[in-house]
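I'd like to ask some things about the structure below.
The letters A, B, C and D name the chains in turn, as written, and every chain counts its residues from 1.
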Amino acid sequence: MIGVAVFGASGYAGAELIRLIAGHPEMELRHVSAGRMAGKRLGEVLPSIGDYCAELILADGTAPLADGVDLAFTALPHGAAAATVARLLAQGCRVVDLSADFRHPNLNNYRDAYGTDHPQPALTTQAVYGLSEWQREAIGSTNLVANPGCYPTSVLLPLLPLLQTDLLNCDRIIVDAKSGTSGAGRSPKQTTLFCEINESIAAYGLPRHRHQWEMEEWAENLGCNRPISIPFTPHIIPMTRGMLATIYLHGNDPSSWHAILDQRYADEPFVRVLPAGQLPATGGVAGSNRCDIGIVVRDDHNAVLVSCIDNLLKGAAGQALQNANLMFALDEQSGLSPLGVWP
Amino acid sequence: MIGVAVFGASGYAGAELIRLIAGHPEMELRHVSAGRMAGKRLGEVLPSIGDYCAELILADGTAPLADGVDLAFTALPHGAAAATVARLLAQGCRVVDLSADFRHPNLNNYRDAYGTDHPQPALTTQAVYGLSEWQREAIGSTNLVANPGCYPTSVLLPLLPLLQTDLLNCDRIIVDAKSGTSGAGRSPKQTTLFCEINESIAAYGLPRHRHQWEMEEWAENLGCNRPISIPFTPHIIPMTRGMLATIYLHGNDPSSWHAILDQRYADEPFVRVLPAGQLPATGGVAGSNRCDIGIVVRDDHNAVLVSCIDNLLKGAAGQALQNANLMFALDEQSGLSPLGVWP
Amino acid sequence: MIGVAVFGASGYAGAELIRLIAGHPEMELRHVSAGRMAGKRLGEVLPSIGDYCAELILADGTAPLADGVDLAFTALPHGAAAATVARLLAQGCRVVDLSADFRHPNLNNYRDAYGTDHPQPALTTQAVYGLSEWQREAIGSTNLVANPGCYPTSVLLPLLPLLQTDLLNCDRIIVDAKSGTSGAGRSPKQTTLFCEINESIAAYGLPRHRHQWEMEEWAENLGCNRPISIPFTPHIIPMTRGMLATIYLHGNDPSSWHAILDQRYADEPFVRVLPAGQLPATGGVAGSNRCDIGIVVRDDHNAVLVSCIDNLLKGAAGQALQNANLMFALDEQSGLSPLGVWP
Amino acid sequence: MIGVAVFGASGYAGAELIRLIAGHPEMELRHVSAGRMAGKRLGEVLPSIGDYCAELILADGTAPLADGVDLAFTALPHGAAAATVARLLAQGCRVVDLSADFRHPNLNNYRDAYGTDHPQPALTTQAVYGLSEWQREAIGSTNLVANPGCYPTSVLLPLLPLLQTDLLNCDRIIVDAKSGTSGAGRSPKQTTLFCEINESIAAYGLPRHRHQWEMEEWAENLGCNRPISIPFTPHIIPMTRGMLATIYLHGNDPSSWHAILDQRYADEPFVRVLPAGQLPATGGVAGSNRCDIGIVVRDDHNAVLVSCIDNLLKGAAGQALQNANLMFALDEQSGLSPLGVWP
């Protein structure tokens, strides 16, 4: 059994990691940690786990690791994660970091997006960006995976296969994304109270959300090999889980794009390209590690891509476990479901 | 025009008071106050008011009143409200207090429910409990109305007419109530985050919620003239507005109870007794100042009453304005709608 | 008093019309009509009206009009509305038609959008497109207003002032819109069941939603005076009311666009341009007849406009009443609130 | 591998059965059937299954079974289920019937609850009522399990241990239950449209919901061995999944009741008794097969029990699979999770 630690265990991504570990035949939860909630029993802070590890006490972030931890998931705020990751690596743990801290090989992008110099620049060269379907080999041989952001995952999966062709007009991409509220985290804030979110929708993060740097950097690295602009508008909507990206593309021969996507992902268990002209809904992927992609051609030069993920699974904890499976040479699907929990 | 002040203007009840004042032909908003938000423009903290009084600056609670304030609504936490009310009365304002501070002529009940001695015991004798349909005369001649709690309003309106008869077995009352989340207020708390409330229901406040003392005290004072026990379980459900009370009653001749309710409220614009056997939904009263009441007879000794209100209107701001209308001898319905905003 | 008829009174727009008429000082509801629900009392089919006109019996669509009807609102399916409108006009009623039947002076667009030849082509020349803030004079002197669609209202209000300049690159407009579910109507369909909509978001209507023809026709007629393409993707989200349009614009000098919008709407009671850089949420306009508009500049050539309306008010019943006020030379704001019902 | 058929595969319980079968290591889906949807691919009607069995064609209910079906789940309307069950048993299938058709050994109760004589009275003696934790042995040796209703499951699990003592006053039980909307099924009805359910709560089914007969019959059979009355009021609330029962009990020594429940369920993987005084929320059990039970003592004679289940899992498909595991002598927990999908 692989011994596992979860940092940030009292948050929403942490809760989802713990549920997945509970269902994983080769993993065992040995250490949980949380900031504000340190000292409480895990069962006190997570209403959903029943008796599973309910008596584990939440350590604070600096407490010594429990024995036998081989793998750590760090679901901590950016900035705070880096030091914890460094310490864990030094102790011989392999780490999947769900924060933004190691997503930017280009440290200028990190500084521009997060407004501060990188706290552990040396480590960034070790990190592998964990977009599982695009980085399998590198993930399999690293000790540190930088788990992608939810928005970048939802945008890069549909976009990369097309960016690798010369069919897109790369100056005319527009991304309009919509997210459930769990992405905003569990810290008490007026803006995410039930009555502020319910029965309302709003755009936020303009003119430039942090994830735009991440999308652009990895669209370049994995897709088109040149700088690219991906103007991006996120919205928050009244649901807990789910993320939908509507991607407006201009280019040549859009009627060929469906086949390109379809072929690229034909054998992927967690990426599904719908038949041409059909569009996905987030309700169908909630509770699954799946990304569903649809494409509709508008005219000779324009098409609309729509992708759906569960922001806590393929957009966070699910992809993190997929990456851990790759790191430890386990079945990539172990502990993960391609079926949604619906309705 | 009656000059009006709203204390607690940045909260949910405050927002609703301001909307109602805006639509009231004889009232003018002259002073707004808020704790944490003091110093901000009203338009910054309330997304809904458009240009109406948007440039008013939120005073802090101790700032001098603007000129020409004849009436103040105080929507402050219990305990904090009492001192403000005392000051306002001393300055010649008439006050409708939406807190719990003046709802208990029996100061022992106040102490038991709120865990502290009453901060202004002398003033409590001046206050009139503002259950509008049952206290019109007294409200019309007081300077201080204690606006009822949302749960007590939803329970007392259907219950009082029956308590005035000798038909009920007063030892066998049970109240199971369900509330939208706006009643929990706008202060940031983990427990009222969108993701904690959405897709979940829970009971809370057991074994004895504060409003049980209020229900019991006023059931006695206005209903049966003797001590009475009203075991009460509130629940919080994933909606913003609305409150439904399911009241289990045991007694004699329940088939006569519908007529008793129907006659009592026949001429009331804001209380509607549905035809026998029909039950209301909160969706039909949201946005209105109405209380809808239904009754179903179960057998020779048992019946179920169901009442619905909008917790922010008949359960808070709406009844407060109704009481203000009575205090100033205006049309009781002025500024209030008996129609819901539906769907 | 103006006698009013509502056709389609049992639907969501019908319910909202009746609520507004109830609050209008110069209107009186005299006739209600519904298809499937004919023969029922109004109070049976609308849970929200309390005692207001609850005893009116829903006529079927072909029954003779009650006496004294001066104004009819027709909230019927497209295609079905035209014949009713013709009959009403022939009887001397003035009509605000909420269907799509009279929105297209260009009958080719009607045919392309609705898949059938127009049933009353002669009447279309009489109709005035009721985008209130842009057509006041014409509305004041017509007997037939074609009330705009919800999506076109949310898009044309922010777009028209800019289309009237030569600053926009009209080949680069993209509209991504999100709607609450009430726009889908009250007829039972699997796709709009609670469990299908809740906790999900989806795009629909691609490659070309019917409202795109309407937007393009009126963007030309009222804005740029030449054919224009407005690629448009609607989404349905889990809330009842509210519509948000995110409009991606490319052109020259976007830093000047806020002032253009601000000046155009400075005196409009129901259109509010937020300070530069601020963005609206639908929660702030729900229950109001307001359209809130925000703009964020992205770079030297790109900006994002965001507009919010309540799809049942400024997007349907509210604008319909605003137009009726104009037709009858009443105060344009009569019976309408610029404040939202929040939260 | 056990070959499995699902009748009613296009509904909400059917979808959940298929998800569970997909995750069961010893089951294989071989036959799916649906009424209105017959002829479609499974992937067309269930948005959540991805590629899992997506190409299976929905048979109609009378089509011959696919080869190798050992076990059938029938999620059909009451009345319609009985004939299908009879046919399946005759073909040698073992059946878990999720309808009400075989829940009533007392056929008078069936007739009173469902308004018709039982269509297959002879079969009823073969059926075992599948409240898993109370009927393990009988379930293990039958070919026909009558899967309990969601409300009875949520009420019997907390109630039976206490009914087996002589501590309860059996004339003073009251059950107030609240359900998510998925229990109302996937057939298009106006009453379960998103806009009718969202932001509203209502009681229904009074004076006597069908499940009351079931609760009372099995409270007698498995609990107190004498006729008992369980007055029951269900409510529908705006969420998809989840059911909470608030059970008001009167009797002797309520401070001893927690221990009775705790001991009875100490070793049960899917029933959890919370520490005394703590109460569960449905959000914590959604997505799990767990029933959480809390108890609060009110005074010397009164206590409140609160139980929570996911109505589609422990209240339908989950318990059905638990029963199938028992019938086939598999690990009772196989394919089922005690952890919820949260948030």
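By definition in this document, contacts are C-beta pairs under 8 Å (C-beta built on N, C-alpha and C of every residue); 3 or more make two chains touch, one makes a residue touch a chain.
The structure displayed is predicted, hence computed values, not measured ones.
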item	value
Of A-C and B-C, pair with higher C-beta contact tally	A-C
Farthest chain relative to chain D (centres taken as mean CA coordinates)	C
Chain A and chain C, separation of their C-alpha mean positions in angstrom	39
Distance from the mean Cα position of chain D to that of chain C, given in whole angstrom	45
Whole-Å gap between the CA centroids of chain B and chain C	35
Touching two or more other chains - residue numbers and ranges from chain C	12, 182, 195-196, 198-199, 238-241, 280-281, 283-284, 286, 343
Interfacial residue positions of chain A with respect to chain C in the complex	172, 174, 176, 178, 180, 195-196, 198-204, 206-208, 231, 233, 235, 237-242, 244, 246, 248, 279-284, 286, 296-298, 302, 304, 306, 343
Chain D - residues contacting chain C, complex	12, 181-182, 186-190, 192-199, 238-240
Complex contact set, residues of chain B against chain C	12, 15-16, 18-19, 22-23, 46-52, 182, 199, 240-241, 272, 280-281, 283-288, 290, 292, 337-343
